[in-house]
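Down below are the structures I want you to see.
Below are two complexes that have subunit A in common, paired first with subunit B and then with subunit C.
Then we have the complex of A and B:
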């Protein structure tokens, strides 16, 4: 019973967005019109309007490029570091280094807004994809290192030892043994990083204006300049939330572990 | 892996530092450097276009500390987190417990409850406007049919309440997933044994479920607290900080000070002060929880 009520509560905003996206502008004023064809005539107008708007298409493209770029860069930097921390002894406890990476997350991003703004101006990276990718990689690197370290620790050392006896060098062991064995974890990490970057709003609106404006920045900007039209707002919402939500369905079972930085072994 | 000779030890050394190095350097370059710059700017008089024109000591800090807006936004951020996080923890845990102790269709419910987790905060805030506005908003319309009229977005309390509701909508799944994983990792025999000692469902929840999930719940609370204190996108898209400045959570206020007014000195001082306050809140909280566990 409680579960059903909770399900309805969870699903209502999604339904509301879907229904509104098929309404005409006039029909959105009556909240009671909920059933298509019976209460209102469904139309694809607002979908056409949003998808025909070069600005919103551009922000969709920016979002995709920035999120994918960030994910690749984070994995490229973070995975080797995580592997190194999981396998080797350091003068400091490897747990401490992991904790140090983690402590980066406590800092509210807005604290470094000014320095980053100035750095971006100096590097001429304002309103560019590279600027955002650089920034988001910084914020997500810690996450990747901590969680991938945890995942690599579960990879059996025996397999790696066997490969070494076969003559594989350290890099080959990492690349051809450890990485493929951790593929599940790698995919979850990638999806979470993708979602974080896809959804980030603060720096996206501060550091972009047009060219590299991602979806959150575009939505915030159009909210303040054009106000809220229910139907186009609904279409924008659906486009904005669909990719990470759909991806997350595929890795549900592993999400708890990833999001808890390895505190939960799901 | 036991290294067998000197060359191997050396190779391993080179390898482990080569693997770790880039990430560490990256974090130092792009986190430490900006934090130090932020501290520097917080003591500076920054003029747009001309850069730092001189240092003014603690003037920026004094301005911030005597600014009612700063304290207001700090206070409502605490209210926001203080209300939303406990609800998320209770409901998330409750749902996880219900699903664990026996509900058909576990997979379906898990999928449904997880759905809001990765939704874009800005988009949810934006959608929230169409839910809560008094002109055709769904929530307002539904409440209207039973005679309740709440001016959600026209008042400070209403706006904050709406933002909290959406925050709960989005983040309860986070606690839920973690609690579900924690409860699911416990063998059935332990449940069966524990269940024999309690007489009803609520007792089972309290005496069996909660102790089992508590270690994980503390981590969930901590992470929610950290993220909640950074809240920006959802409340900003929902209320734009208004009416007036009444729903400007800290990040929103700091963002507006920095980006709209280009007051970089004051913006930095605010950020640094907030970082200190957040660290204190989180440390105190974490120690309290630790004490409670021990």
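Then we have the complex of A and C:
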């Protein structure tokens, strides 16, 4: 029962978006227009409008490049860092390092919006893909390190020692043993980082204007002087939601196993 | 194949001493078993030979080369872990060839060496399976295969049989011994099981609290234990110990029902030390029931049967001797005394062990 209520609660916005994407601008204001063909005449106009708009397509491209770029950069830097935190003692306590990393996540992001804006201006990274990638990476690196550290800790020490005896050096152990054995967690981390970067709207709106404007920023900006174009906003929303949803379907088995963060290592 | 020389090796973690002053030189191709209770330092010693643990003091030489500061790869040793430690994401071939691939040997040679090792262990048909598709015994073989495929100087085995069931364990015990003899590779084998130690080792090192208690052949350890700890650890069921008064004429006694005679030289030694009390030790399997007209020894151990445990080929009984002594005796199977029965037992003079109560050292 609760599950049904919860599903309806979650699905209503999707339903709203799908219905509205097939309406004309005028029909979006009609409260009775709920069932297609019966209450209103569905049209592909808003889809045509959005897909024909170069700015809209550009923001789709921006979103893809920024999200993929962020995910790659975060994994590239975060996984080795996580591994060394999981396996080695540092002169200062490893526990503290993890806490510093985590503090990044706890802080409300809006606090650093202005400082980041100023930094980006000085680095001439306003409205660039690389600017956004750098920014999102700083947010997500901490997350990646903390999660992957726990996942690496679940890799059997004996197995790594066996590899050492067989003649593997640290880099080979990381690359040939630890990483393949942590693939589940790595994929989940990648998806979460990707979804974050894909969805982030606040910084994207503030730090981009045209060239590097991502989908969420573009959607926010679709409020015109005449109010919100609900039909085109709906199309954009669907386009924005699709990739992470489709991706999660593909890697569902990893998500289910990985999200328990190694509690039930197979 | 190599001689391993371990000299005055110690390992300390802060104030905790894990291994103290460990000295041992193996023969070439020898099978050395390190045995002791958990936490006695046996595994730490092996890990220091492997290079997984640094040495606090002392030196280790393998085939004449000082290996201190060498990483495991340079030491040319192979190790079998207690839980096999196979690489779960690689198949059996991948597991066995791992070390060879790291050494960048030609593909054909890797293939040949893996096949040869697999053939020795009878696992050729498993080469494409993943570890999770193997039974415990098969995993064990793969772990052994990974060790022998590189033809290393030294084998290190850390309780390799403790994770498989009892029946298979006996089988694998024999196989490992056979394999080791066939390959002639110097081997260190760690176990807490004295039966394994006795049945497999050319020499056995008994350890306690980081120190070697005694090194010897299984027979030596059984017949001439150096101290009370070794005497109690080696042999199953364990030796009976009785604290006894030293009387005149080499008699040691604990009440009416426990009276033993020491052999001449032992008596001399006890007298020389001026001991009024000693620990006496008698192995359960050396206790015999006295029959009428036996010209047996004058040693007397009388007790009441409390527990009878038939073991198939033998019968283990627990006796209460005198007021507060408990002793075990291992009798032939057809002798199955009833609970509550009085038994009159004897033991040969040469099977009586005597230990100094102050030092626990054996007096011989």
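Everything below uses one rule, namely that the second predicted complex is superposed on the first by the 243 of 266 C-alpha atoms of A that agree within 3 Å, B and C clash if a C-alpha of one lies under 4 Å from a C-alpha of the other, contacts with A are read in each partner's own complex, and residues count from 1 in each chain.
Keep in mind that, in the parts below, a contact is a pair of C-beta atoms (placed from the backbone, for glycine too) under 8 Å apart; a residue touches a chain by one contact, two chains touch by 3 or more.
The shown structure was predicted, so the numbers you read here are calculated from the model rather than taken from an experiment.
*Asks:* Based on the superposed arrangement, let me know which partner A:172 touches: subunit B (first), subunit C (second), both, or neither?
*Replies:* second
*Asks:* If we overlay the two complexes on their shared chain A, which of subunit B and subunit C does A:141 touch? Say first, second, both or neither.
*Replies:* It touches subunit B, and subunit C stays clear.
*Asks:* Which partner does A:117 reach: the first (subunit B), the second (subunit C), both, or neither?
*Replies:* first
*Asks:* Have a look at where A:201 lands relative to subunit B and subunit C in the superposition and call it first, second, both or neither.
*Replies:* first
*Asks:* According to the stated criteria, A:235 is in contact with first (subunit B), second (subunit C), both, or neither; which is it?
*Replies:* Touch partners of A:235: none, neither subunit B nor subunit C.
*Asks:* Mind working out whether A:161 is in touch with subunit B, subunit C, both or neither, as first, second, both or neither?
*Replies:* both
*Asks:* In the overlay, answer first, second, both or neither for which of subunit B and subunit C A:133 touches.
*Replies:* So A:133 meets neither subunit B nor subunit C here.
*Asks:* Return the chain, subunit B or subunit C, that is in touch with more residues of subunit A.
*Replies:* B
*Asks:* Mind working out whether A:244 is in touch with subunit B, subunit C, both or neither, as first, second, both or neither?
*Replies:* The answer is first: A:244 touches subunit B but not subunit C.
*Asks:* Mind sorting out which residues of subunit A both subunit B and subunit C touch, each in its own complex?
*Replies:* Of subunit A, residues 161, 164 contact subunit B in one complex and subunit C in the other.
*Asks:* Which stretch or stretches of subunit A touch subunit B in the complex?
*Replies:* Interface residues on the subunit A side: 2-3, 6-7, 9-14, 16-17, 20, 28-32, 77-78, 80-81, 83-85, 87-88, 90, 97, 101, 104-119, 134-135, 137-138, 141-142, 145, 157, 160-161, 164, 170-171, 174, 195, 198-202, 205-206, 215-216, 219-220, 223-224, 228, 230, 233-234, 236-237, 240-241, 244-245, 247-249, 252, 255-257, 259-261, 263-266.
*Asks:* Could you please specify the touching residues of subunit B with respect to subunit A in the complex?
*Replies:* 1, 11-12, 15-24, 26-27, 30-31, 33-35, 37-38, 41, 91, 94-95, 98-99, 103, 109-124, 126-131, 133, 135-138, 140-142, 169, 173-174, 177-178, 180-182, 184-185, 216, 219-220, 223, 226, 229-230, 232-233, 236-237, 240, 250-251, 254-255, 258-259, 264, 267-268, 271-272, 274-275, 278-279, 282
*Asks:* Which residues of subunit C touch subunit A once you look at their complex with the stated criterion?
*Replies:* Residue positions touching the partner: 50-52, 71-73, 77-79, 81-83, 85-89, 98-99, 102-103, 146, 150.
*Asks:* Using the touch definition from the top, list the residues of subunit A that touch subunit C in their complex.
*Replies:* Contacts found on subunit A: 156, 158-159, 161-169, 172, 177, 180-181.
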